[in-house]
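Okay, handing you the structure first.
So that you can tell them apart, the chains are marked A, B and C in the order they are listed, and the count of residues begins at 1 in each.
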Amino acid sequence: MALTLELLASRLGCEFDGDADCLITGVATLQAAVSGELSFLASSKYRAHLAETKASAVIIAARDRDACTVNALIASDPYLTYARATRLLYPAEIHSGGVHPSAVIDDAAQVDATAWIDAHCLIGPGVIVGANAQIGAGCVLDHDITIGRDSRLMANVTIHGHATLGDRCVIQPGAVIGSDGFGYASDRGTWVKIPQIGGVTLGDDVEVGANTTIDRGALSDTVIGKGVKLDNQIQIAHNVQIGEHTAIAGCTGIAGSTHIGKHCAIGGHVGIVGHLTIADGVQISAKTFVSQSIHEPGFYSSGTPVELNARWRKNFVRMKQLDKMARRIKMLEKTVRKLSNEV
Amino acid sequence: MALTLELLASRLGCEFDGDADCLITGVATLQAAVSGELSFLASSKYRAHLAETKASAVIIAARDRDACTVNALIASDPYLTYARATRLLYPAEIHSGGVHPSAVIDDAAQVDATAWIDAHCLIGPGVIVGANAQIGAGCVLDHDITIGRDSRLMANVTIHGHATLGDRCVIQPGAVIGSDGFGYASDRGTWVKIPQIGGVTLGDDVEVGANTTIDRGALSDTVIGKGVKLDNQIQIAHNVQIGEHTAIAGCTGIAGSTHIGKHCAIGGHVGIVGHLTIADGVQISAKTFVSQSIHEPGFYSSGTPVELNARWRKNFVRMKQLDKMARRIKMLEKTVRKLSNEV
Amino acid sequence: MALTLELLASRLGCEFDGDADCLITGVATLQAAVSGELSFLASSKYRAHLAETKASAVIIAARDRDACTVNALIASDPYLTYARATRLLYPAEIHSGGVHPSAVIDDAAQVDATAWIDAHCLIGPGVIVGANAQIGAGCVLDHDITIGRDSRLMANVTIHGHATLGDRCVIQPGAVIGSDGFGYASDRGTWVKIPQIGGVTLGDDVEVGANTTIDRGALSDTVIGKGVKLDNQIQIAHNVQIGEHTAIAGCTGIAGSTHIGKHCAIGGHVGIVGHLTIADGVQISAKTFVSQSIHEPGFYSSGTPVELNARWRKNFVRMKQLDKMARRIKMLEKTVRKLSNEV
C-alpha cells in the first residue's frame, strides 16, 4: 500500500514536517531504507544513523527533530507509531468471505458469510466462526468451538476442547489449543487417565505463537486473558490462568493450575511449577526456574552464568558442597572470634 | 451420559450411601458442583468444602464419610474413582467405523471396518489400522505403520518411521512420531546425514502429548514402554528407551540412546543428556539438568532458586568464584589451625 | 537396495578386502548385524565386538584391519563412510514428479514437472517448487515461497513469510518456517503488534527438525546458513542469523537478533538471549544459559549438578547466600591476617 506523508500523518494522528505529497510505500531501518521508505528513530542513541539514512521520511520524537534532515513524522512514541504505520502500509492479508471447495464444513457449524475457510480445513458441528475471521489451510476445529470476529488462524492449527476465542485473536501455524491436560490417577503403579472435560477461553486480542500448546481444563477452563501475547513453543497446562496483557517469550512452560497476573513479562525458557500464584506486574528473566509463588511485582531471575567448560567444571563440583562450605565459614568465624579474644 | 447413583456405584465397584435413584449427569469440584453433579474429596484437608457443596453426590473415603451431608460413593481411593467415574459420565467421542470421503487411503493399507479415518488424512501403503481406532483429521501415516485397536490419534498427527503403536494409545494433536533422528557424520567441517532407518515402538496404553516429538531410531528402534505418559512438547531423541508406566511432564528433552527406567516420574523442562541410564523408580523435579546416569531410585533435583534480579546478580557473579571460594576456605582453615596451635 | 562389496567400495571410493561378490542388503551395529548386513567400527575401543559380529562386512580403519575376521571396507573415517554407505543402501524415498489429485495448487505457482506434491497440500500463488523437490502430505506454502531443487518437506510442514529454501534442504514434520516474530510495541500497558514483514532464508543443505519453528524477520530476513542442522523443537526468533554448518540440538531457543557463528555445536535445551553475538567455532553444552556474547571459540557451559533432592535443598538455599558467603570469607581473611601479625 502507498500513502502520502500527509495521509499517513493524518491516519496516525501525528504531525508531519516536510513534503506532504511524498509517497511512502514501505518501512525499513534507518540503515536499510531506500527512497520511498519510512524509517523510525526509537531511541536518541541511534541519532548518528539519521545523517546517512536514505529513507524518504522518519518517525521521530520532537526532541530529535533537529537531527533529521529528511521528512519527519513527529510522534511522542516513535516505536509505537512505527508499529501502527507498518500495519497501514502492510495491511494483513485478508481473503474475502467464502469456503475453499476442499474444506469440510459440518452442517451444524455456523460460519459467517464474511469469514474465509481455506483449503483442507475441518469445521465440525457446533463450531461458530465470526465475521471476517480467517481460518488458514489445514486447520481442524473439531466441535463446539467459537472463533471471534476478525480472528486469524494461520495454517495447520488444531483447536479442540470446546475452546472459545475472542475477537482479533491471531494463532500462528501449528499451535494446538484445547488438547487434553496431563491428568492421571495412580492405580498401583499404572496411570488411569482423568478425562479432561474443561474448556479453554482466550480473550480478545490474544496472540498464540507457532507450535505453542494450550491444554483444556480438567474440570473448569484454562483461561488466557485479553491482550495476552504468547510466543512460539510455549506450553500452558490445564487450568492455568494468565492475566490480561501479559507477554510470554518462547519455550516457556507453565504447569497446571498456576495463576499468572496481569501485565507480566516472562522471558523465554522459563519454567513455572504448578499451583503457584504470580502477582500482577512481575517480570521474569529468561531460563528462570520459578518453584514458589511470587507475591510482589518486580524483576525476578535464577540461573548460573555461562563460562568456559573447564572453569565451569570446577565450580559445578563446588555447588554440591555449598552447604558444607557455609558451615565451614560459620565454624571459622567462631574459631577466629575465640582466637581474637584470646590474643 | 446420565447414570443413577446405584448404577455408578455398581460400575465403579464401590458402595454408595444415600438415594439410589439420584441421577448423576456430570462431574465438578466440591466448590463448583451444582445439582446433578458428582464431586470428590481427594484429601481430608479439603473436608471444609464438604459442608457447602451443592453436588448431588461425593466420592469419599470411609474415614471422611461422617463429614459428608449429601449422597456418597465410598471409595478406598477417591481420586482414582473420580477418574473412572468421569470416564463413565463422559465417554470418549468415538465415530462409528468408516472413512471420510476426503481422506486418502492407499490400496495397500489395511483399515479395520470398525476404525474411523477422518477428513484429509493420508493413510499410505502398508499401514494397518486396528479395530475401533480413531484417526483424526489431517493425520498423515506415510507407510508401514501399525496402529493398535482402540487407539486414538487426534488431529494433525504425523507418523513416520515404520512406527508401531500398541492398543489404546492416545496421541494428542500435532505430535510427530518417527521423524528422523539427529545423526550426522562430520566431513571436514560439513555434516553428512546418517539416514535414520530404525523404527519406533509404542507399547499399549501410551499417551503422547500435543506437539511432542519422538524420533525413529538410527539403526534399531526407539522404544516407549507400555503405559508411558508423555505430556506436551517433549522431545524424545533416537534410540531412547522409556520403561513401562513412566510419566514425563511437558517440555522435557531426552537425548539420544538414553535409557529411562520403569515407573519413573520426570518433571517438566528437564534435560537429560545422551547415552545415560536412569534406574527404575527415579523421580526428577522440574528443570533438572541430568548430566550423569542415576543408578538408584529416589528423588533428584538441580537448579537455582528464583530471587529478585538485583540480588540474583550478586549471587550470579559469585558462582564463577565458587572454586576459588572453596580454596580460600581451605586456606583459612589451615591458617586458623596453625594460629590456634600457636596461641 | 542390494550392492556387492566391490560395487559398494567403488561407490564409496574406498578399498575392500574379501569377497568382491558378497551381497550387502542392509546396515546394522556389530552386535545386531546378521548375514548380508554391513557394519562399522567407529572407534578402536569397540574392537572386542569384531570377533563376534555376524555382519558380512565391516567398514574399518586400516589400523583395525587385523582384528576383522570378515570382509572389510577400509576407510579413513569409518563413521563417515557408514553414513554414506547407509545412503546408498537405503536411498531416500522419492516419488516421481506429479501432483496428488487432492492437493491444491494455485495457478500462479510454479511447480517443476519433476517435483512431487502429496495429498492435501496447499501451494499458493508465487510459490516456486524446484526440480525433484518432494512436498509431503498436508504441507502449506502460503505464497511467494521458493523451495530449492531436491529439497524434501515431510508431512504437515507450514511455510510462510516469503521463505526461500535452498537446494537439498530437509524439513521434518510439523516444522513451521516463517511464522510471525514476537514483536510488539507497548501502548500504556497493552501490546500493539508490529507487523512482521521480513522473510526467512535457508541456505543449501539445511535440515530442520520436527516441530521446530523459525520466525520471519521483522524488517529484514532471518538467515540460516548453508549446511546448518537444527534438531527438533528448536525455536529461532526473528532476525536471528546462524552461520554455515552450525548444528543445534533439540529444545534450544535463540532469541531475537542474535547472531551465531559458523561451525558451532550447540547442545539441547540451551537458551540464548537476544541481540548477542556468538563467535565461529563455539561449542555450548546442554541446558546452558547464554546471557552474554561469546567472542572466542571454545567449549562453554553453565548449570548446576543433579543430586538427591534432600541434599540439593540444602545447597539450593545457600545459593541465595553466595554473595554474603564471599563477603564473610573476605572478612575472615582480613581478621586472620591481622591475627597472624599479632601472634
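Assume contacts are C-beta pairs under 8 Å (C-beta built on N, C-alpha and C of every residue); 3 or more make two chains touch, one makes a residue touch a chain.
For clarity, every value in this text was computed on a predicted model and none was experimentally measured.
Engineer: Report same or different for the subunit A and subunit C interface, where same means the shared residue numbers exceed half of all residue numbers found there.
Structural biologist: The interface is built from different residue numbers on each side, given that under half of them are used by both copies.
Engineer: Write the angle of the rotation needed to overlay subunit A on subunit B, where the fit uses Cα atoms and the result is rounded to the nearest 5°.
Structural biologist: 120
Engineer: Using CA atom averages as chain centres, what separation in Å is found between subunit A and subunit C?
Structural biologist: About 25 Å separates the centre of subunit A from that of subunit C.
Engineer: Residues touching two or more other chains, restricted to subunit C: which are they?
Structural biologist: 102, 120, 138, 156, 174, 211, 233, 251, 269, 303-305, 307, 317, 319, 321-322, 325, 329, 332, 336, 339, 343, in rising order.
Engineer: Given the complex with subunit C, which residues does subunit B contribute to the contact?
Structural biologist: Of all residues in subunit B, those touching subunit C are 102, 104, 120, 122, 138, 140, 142, 156, 158, 160, 174, 176, 179-180, 182-187, 189-195, 197, 211, 213, 215, 219-220, 233, 235, 237, 251, 253, 255, 269, 271, 273, 283-285, 288-292, 294, 298-305, 307, 311, 314-315, 317-319, 321-322, 325, 328-329, 332, 335-336, 339, 342-343.
Engineer: Under the definition above, what is the set of subunit C residues touching subunit B in their complex?
Structural biologist: Against subunit B, the touching part of subunit C is residues 26-29, 32, 77, 79-80, 82-84, 86-87, 90, 92, 100, 102, 118-120, 136-138, 154-156, 170, 172-174, 205, 207, 209-211, 227, 229, 231-233, 245, 247, 249-251, 263, 267-269, 286-287, 303-310, 312-313, 316-317, 319-323, 325-326, 329, 332-333, 336, 339-340, 343.
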